[in-house]
């Protein structure tokens, strides 16, 4: 803000601007051009990217949102239910509490995978044209990550030890609609080469695959986690509806409270 | 929790249940039956309602989500941007901060409208069959609310003083797809009769209309606010993407800080 | 905001105002008059009330903060730990998630008790001068609340069924320091008369007692929940430190996930 | 969790454990040993550290909490006020929204400073015994950070360009009470040597000084941000009380909304 004295302060935005009689957005009119005319997924894509998705992009984007929306009793879903138990009068708090678990350990995997893939792709002089070419690059990438002792994002799942069932479906949709780009190609190659390099079976996981798919759609890397959170917001709403119908949070709380033992003093 | 000693504790849920090789939900398989097969809006509806929406219901549901997603520089959008400014490393915090504004004053209007309409409808012996019948009921409702000194939810907007442009479009879609039910009918009648009863022009607002539309879709009243929050989550993501491209939060902060004056001691 | 064209916008505040060389607050200088000169509890009291507490008021205020800081594995503490498990890189999210449980069911009891007591006291023509007088008023209040089918805040605790051990200590401190006012007197009377009126033993709980004590200190009713949240913030920090040393959140998550059963379709 | 079939699951904790008749903590009894017996600051220290602070440690710890509690209209305080404006019925949301700004840019400075200092100290073979010794180490540290193009935490403040007034007071208290340890010594030296190395006047800031002081008290580095958040929680409560008395959030919102201009399409 380098404003001259007296200069009028303004706040530029590409989001909606409301006037007395209209709400304008994306060079159009919210009511005439968007409400009832586009799907929520298409509108969400546009809010982030400021452009209309192609039908193929939209199909993959909505597939990713569906894939990420819910995974049952995750720590974030449990946190949302416990918060709803404590504060049923403020449902926004329960959803917010659930989203706050969107960090490095669970919901951050999509972002981390997208970043690792993007950095590798940015370093390439030319993009491979066949699987053998991708395998070579993926091998180098996995070996480097292994050497640096870093966790390799996108590999392994505590339950789906033989393969995450979401991964082949997402690959298949991306190929079908023509949005299978370099991030997904490198990610798929990573799945082929990792077991031999790491000496153990760590299959590709769904969160990582979603990160690769979103990166191929052009979603900027710092927003990948945001898309995951949008998807998860629907799942958390489902868990709260579920908690209203069939409460479990009180039982979880009582289970924990009644099994507490003292660890003080520490030895 | 009345469990016999030794009885196994279980947590029932209608959300996803994951096994080593599959993720089951709604009596089907996440990957085969939902990813890429249904829109995100349709899946969100199902997460909340545990049933598939009809095509008409889905069109109205997605229209409502689009209508509520963004309304420009609202207090919640500004709060999310300021939080992003402070903690750009934890985008989940910025989205959560924005959602936490989903309370009684702004994002709660949809819920409040839905509740007032539902309570009135529950008290009716029979549902009117024409506009005159609805107007009579709405007149009684508005007069009662006026007498009780309560704010009447769904009426008035600080900017759209001559009518919220989202309202006629939502009515039109609901009629077109055959989901214009008693909540929308009573809400529309409220708009017709309120000016004469209240002695001032307070047109129907979009948030209230969305509440009525969602109630007609069967969304339980305590979850109306949750649907608004899901919609708003997409808008907040848009604002954070906007803030990354064209930052304004630092300017807002500096404007406020530089115009602070002391109100201490209070007089 | 009714500003004439060109009028300068200002934001009045009784909180700190910073200049290049100083930070002013409460008519004094932050560094010279407050840092190292007053306890954190005394400063928190002043931030809320804009006045210095008397030594007696401060002793009771700090006693309440200590009493409310931690109660072990509450739903809010568990939610904070699960959020820390998911997002250990953003500790602010874990604390926020814990505080978001500060609603009507658990941490809201202090506020609800304070409100019920204040409303009753506001309706009195004169304040009783002995226990018999307080008992009479409390009897009427409890009978009215019972008749209205409302939950009576401040009574009963799921664990401390024979009496919450914090209550007599708080009464004793308030009497010792001379801040035992009408809210505590009415609250104490409520404990004496409730069992006979309700036909069951529902002793006074600590959260309600803290609400009464804070109300006697003059804390405005809408801020009572805020003081509880400040106290709880310290407890949540303790739980996160505990989780770092001796993790349990992963075990809680695994316990819940592994005991999930499907409740779909609902019958 | 490697439990044998049938083994009882337990959750160890050093926080409070409640029984029907008592609440135990730190090997003592909450009501008898802590409520009314220790200050809130002392209890918070114990919740984090599991040990009693010495009187000197407590004085510095409370001084840091007071120093960090409020800094006027920061982005986090504005976000809390805007959230309160939107959702006045859920004060926990406003406080949580404010705390969520506790990230890398603003409230994270204490943690970042503590980490940089701790890492440097951990690399030393022996600790200096005079200022010249500290200056030598600080010079190397600042030069290395400058060479790595990293922001140097603890240096500079957008308002207090000639020195943050909190810093000399905190140094003075730490020396007076005998807790001026290696973190503060290295931090102070950094302030002496930085201008010459960086070629510009970037004085030590208060947030960084608090991080150094807390590190000298033994607070683990990953919890430094948590202590800042506890302090800030009191300040946010003050801002919400202030907003109740003298509202400004609506004016801030209207200022921003009325100065919005479209940045779409981006050029």
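Things worth noting here:
Each chain carries a letter (A, B, C and D) given by its place in the written order, and its residues are counted from 1.
Rule of thumb we're sticking to: a residue touches a chain if its C-beta (ideal position, glycine included) is under 8 Å from a C-beta of that chain, and two chains touch if they have at least 3 such contacts.
These numbers were taken from a predicted model, which means no experiment stands behind them.
Of the two interfaces, A-C and C-D, the higher number of touching C-beta pairs belongs to C-D. Of all chains, C has its CA centroid at the greatest distance from the CA centroid of subunit A. The distance from the centre of subunit C to the centre of subunit D, each centre being the mean of the chain's C-alpha atoms, comes to 23 Å.
Centroids of subunit A and subunit D (each the mean of its C-alpha atoms) stand 30 Å apart. Rounded to a whole number, the gap between the C-alpha centres of subunit A and subunit C is 37 angstrom. Across the assembly, subunit C contributes 9, 11-14, 17-18, 25, 72-73, 87, 89-90, 92-93, 96-97, 100-103, 107, 159, 242, 245-246, 248, 252, 255-257, 260, 263, 266 as residues in contact with two or more other chains. Within the complex formed with subunit A, the subunit C residues making contact are 72-76, 78-79, 82-83, 85-90, 93-94, 96-97, 100-108, 159, 242, 245-246, 248-249, 252-253, 255-257, 260, 263, 266. Of all residues in subunit D, only 1, 9, 11-23, 25, 29-32, 34-36, 38-41, 43-44, 47-49, 59-60, 62-63, 65-67, 69-73, 77, 88, 90-93, 95-97, 99-103, 107, 159-163, 165-166, 168-170, 172-173, 220, 222-223, 225-227, 229-231, 233-235, 237-242, 244-246, 248, 250-252, 254-255 touch subunit C in the complex they form. Here subunit B touches subunit C in the complex through residues 8-14, 17-18, 24-27, 50, 87, 89-90, 92-93, 96, 100, 256-257, 259-266, going by the rule given at the top.
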